[in-house]
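Both of the next two complexes hold chain A, though its partner changes from chain B to chain C.
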Partner chain A sequence: MIQLTLIELFKIIKRPRTYIGFLAIFLTVGAMQLAMFYEGEELISIAIQNLENDFRLEGKIINTNLMTYILLNSLIIHIPILICLVTGDAIAGEASSGTLRLILQRPYTRNQIYLAKALSGYLYTISLVFFLALMTYVLGYFLFGSGDLIVLRRGVTVISSNDVGWRFFFAFCSGTLSMIVVASLSMMISSFVNNAIGPIVGTISIIIGLNIIFTLGAPLFKDVIPYIFTSHFIKWQYFFDFEIETEKLKLSFLVQLGYIIVFNAIGMYNFNRKDILS
Partner chain B sequence: MKSYIIILFSIFSLGIYAQSDEAKSKILLVKEKLENVPPYSCDIKVKIDVSFINIKERTGKMVFKNPEEIDYKIKGFAFLPKNEMGATTTDLFNSEFIAISLGYEDENEIIKVIPMDINSEIVTGQFWINSKNLISEMILITKDKGSYSAKLDYGGEKFDLPSNIKITFDVKNQKMPALLTGDLESYSEEIPDLNKVSKGNISINYFNHQFD
Partner chain C sequence: MENKKILSVKNLNKSFGEFKAVNNMNLQVNQGDIYGFLGPNGAGKSTTLRMILGLIKPDSGEILINGKSNSGSNRNFLTSIGALIEKPDFYKNLSAYDNLKILYKMSKLKDINRISEVLKEVDLWDKKNQKVGGFSQGMKQRLGIAQTLIHQPSLIILDEPSNGLDPQGQSDMRSLILRINQEMGITVIISSHILSEIEKISNRMVVINKGEKIVEGNVQELMKNELLKVSFKSENLDSIALFLKKQSIDFESSNDSILANINEENIPLILKKMVDENISITEMKQMRTLEELFLGLTK
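Entry: the complex of A and B
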């Protein structure tokens, strides 16, 4: 199984599209950090102008912690797109190029092959989120230095710089889990089609569609929203609350884990019945 | 009868004038005390209590050069009162004003100060002056920024500097756009009344004074 996963990883590494995600993150984070370096004060003052009317704000607002927090919001739409580029191609890409027949001739069960592909996709997902964390924090540290984190969520929360490390660690873990859900979804769709474009477009469409429903129709779907997987893409923000709502985070973890299991189960079921002869 | 009324009115007016004059002298004494404070620095502890702000107590240093020039060196980030008490009261006391004594409360004389300048940012101020001619409490009503009050405690510091100031002020509800904050869940929540004004408190402890 490990060998199979390593083979799948080797395939991912060899594909040029794998590096599109890393390049996109490098350019996006770089551009965003530079923009904030030159125009950040003005941008932030728009967000906090009401606070500035009432208070004298002492201290540096823009720092690597704030930049990392802002850029973590890219987990809602941008990072899922980059993940789909690779994971959506895992089965459908091989089906379209004809290599799927070759793989299935090997002495491995279809479940093992599917799981190996899923695991390698998850490793790619983890590496992408890790790269995002590294880029935002390290580049931000050199450009802005460290400092207290100001979170403009449910009012204003100020977190001391020595109290943010563990929060970011868990926030990135939570974000990674959400991205694994995305990878599982695209893998599942990938098992249904023989064209690599389908899973990529399909996954992105589902995410964008659910995000629109989640934001615009929020009052209408209030009771359903906690069980929609896209609503958990921002649950990492809970780690930056003054009093962390552990129950909601536990529920989020379970819901996302449930989605990963369901997507993989459907994907494996379908992959086992996939016609590779036609 | 007519002359009796005129005499009574004159006595009453003289009484008010004398009272006003005495109150103004007292305020000028307070002003003199404030002006005589030399530059100094001290350690501070800032505690904020505003409904929508979550922040732990902050520590740092305050460098006082004059009431208009006060610098803070806070460890990390902090919210401080917008109008420095010293600067605002000095502004009020430096302009032409009328002072009226409103009587005594707990050994403090209550003096209302009204600036003569119609364009003054401060509409009126009320001061509780103790027996040592120190402000123990004050309320300032401003034109645009609502009201704010301050209670001062003195711990026997040199130049009668306060050891603690508790400032209460008006603060409007804040709601940041979700697109800026990334808090997309706030779409499903009720929008707070942004015009609602609540009271905020900032308590500052001053200690380890060092005079230049």
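Entry: the complex of A and C
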């Protein structure tokens, strides 16, 4: 299994499209940080205009912590697209290029091959989120330095710079889990189709569709929204509350874990039954 | 002594919806065979070969490789098979060496030198670091053969291996297949629409059509038992026509030749009689080919 996963990682590393994600993060994070560096004061003053009527804000509001917090929101749409480019290609891409029948002629079960592909996809996902963290925090620190974090969510929360490190760590872990759900979904779709575009478009369509439902908050879907996986993509924000709602975070963890298991189970079931005709 | 069966296919069936792709197929390949697999497009050749490899699940039937069933979760039967199905496929962004390295690792092999050995066997050692995307069709075919050989299988399955190759490439491929069979002792199943190729290199063959087996057996025997078309050219075609009529042999006349249906075994005797009767012949040509046999059987 380890050998198979290493082979899949080797294939990912050698594929040019793997680096699109890293390049996109480098460019978007870099562009946003530079924009904030030059015009951030003006933008932030608009955002906190109301606050300044009631509070006196001192110190460096735009700092690496705020930048990292803002850029973590890219986990909702942008990062899932980049993840799908690789994980959606895992089975469907090999089916369309004909190499799937090549690897299925080796003495491994289809379950082993699917799991190896899933694990290597998860490692890619983790590395992408880690790169996002590195880019936002390190570049932010270089440009803006450190400082207290002001969070505008359910009121105003000011977190001391000494207290944000562990919060960001868990926030990135939570984000990574959400992105693994995305990777599992695109892998599952990948097992159904024979071209790499299908899983990418399919996954993004599902995420956008569910995000619309979540954002609208229509009463019709009120009871199901907590169990829709996209509603957990922003649960990392809970780590920036003063009183962290551990029960809600536990539920979020379990729901997302459930999705990972279900997506993989469906994907493996289908992959096992699939006739390789391409 | 009975030949050792390396592959047995028993009562194999596969449908795609209403379409019956393979219908009650039975085959037997013996160790050391070059086994020709003939049939028109859509006859069920690729489906049968894919079922042997476990790429397609049969609806019913049994496939035994070296006496062991290929169904179930144990995939170890694949260690004794190498296959090139339809066209060779690779990771085009990788070099020939890296492509084989992936298969080397997936085959759980221990000696890394096997990659260089097999690249040398197919004359691609000089190109080992070139990306496969830039390979010619012939080089791709040879690398495809290398993929099938890397784990030293006892049976290789080649589906249309000469597809897209020029005459020189086809000849090289034929030589390579013969070398694989004769020098390495590997049993070969070869499906091809280039029927003369099967005729040239196979010792046994099966003809299938519409998912069903039409005939299976020794290539020479299948050829021998059928009537051959023999073309005669002469300055006096009338004397040949008269002679054939006397011998009760069916024939067709054209302006410059006569085409007669003669059993292959009787050809020497017929010729002797013609010489005895002083019938002059400027040219005699055996027209019967496997293609005619194939077309006749799959009508």
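Keep this in mind: the second predicted complex is superposed on the first by the 272 of 278 C-alpha atoms of A that agree within 3 Å, B and C clash if a C-alpha of one lies under 4 Å from a C-alpha of the other, contacts with A are read in each partner's own complex, and residues count from 1 in each chain.
Here, a residue touches a chain if its C-beta (ideal position, glycine included) is under 8 Å from a C-beta of that chain, and two chains touch if they have at least 3 such contacts.
As the structure is a computational prediction, the values presented were derived from the model and not from experiment.
With the two structures aligned on chain A, chain B fits next to chain C without clashing. In the superposition on chain A, A:N195 contacts neither chain B nor chain C.
In the superposition on chain A, A:S205 makes contact with neither chain B nor chain C.
When the two structures are aligned on the shared chain, A:D275 is found in touch with chain C, with no touch to chain B. Once the two complexes are laid over each other on the shared chain, residue contacts for A:Q3 go to chain C alone; chain B is not touched. In the superposition on chain A, A:F242 contacts chain B only, with no contact to chain C. In the superposition on chain A, A:G155 contacts chain B only, with no contact to chain C.
Legend: residue contacts after superposition of the two complexes on their common chain; A:K14 is shown touching chain C, with no touch to chain B. Here the apex is the CA centre of chain A, and the angle it makes with the centres of chain B and chain C after alignment on chain A is 170°, in steps of 10.
Shared-chain residue A:Y108: touches chain C; no touch with chain B.
In the superposition on chain A, A:S45 contacts neither chain B nor chain C. Touched residues of chain A were counted for both chain B and chain C, and B has more of them. When the two structures are aligned on their common chain, the gap between the nearest CA atoms of chain B and chain C comes to 40 Å. Of the residues of chain A, not a single one touches chain B in one of the two structures and chain C in the other. Residues 46-47, 50-51, 53-61, 70, 73, 76, 147-148, 150, 152-158, 160-161, 211, 214-216, 218-219, 222, 225, 231, 234, 237, 242 of chain A touch chain B in their complex.
The part of chain B that touches chain A in the complex is made up of residues 51-56, 60, 72, 74, 76-82, 145, 169, 171-172, 174, 176-178, 180-188, 200. Per the touch definition, chain A reaches chain C in the complex via residues 3-4, 6-7, 10-11, 14-16, 97-99, 101-109, 273, 275-277.
Chain C contributes residues 50, 53-57, 73, 75-79, 81-83, 85-87, 89-94, 98, 102-103, 105-108, 147 to its touches with chain A in the complex.
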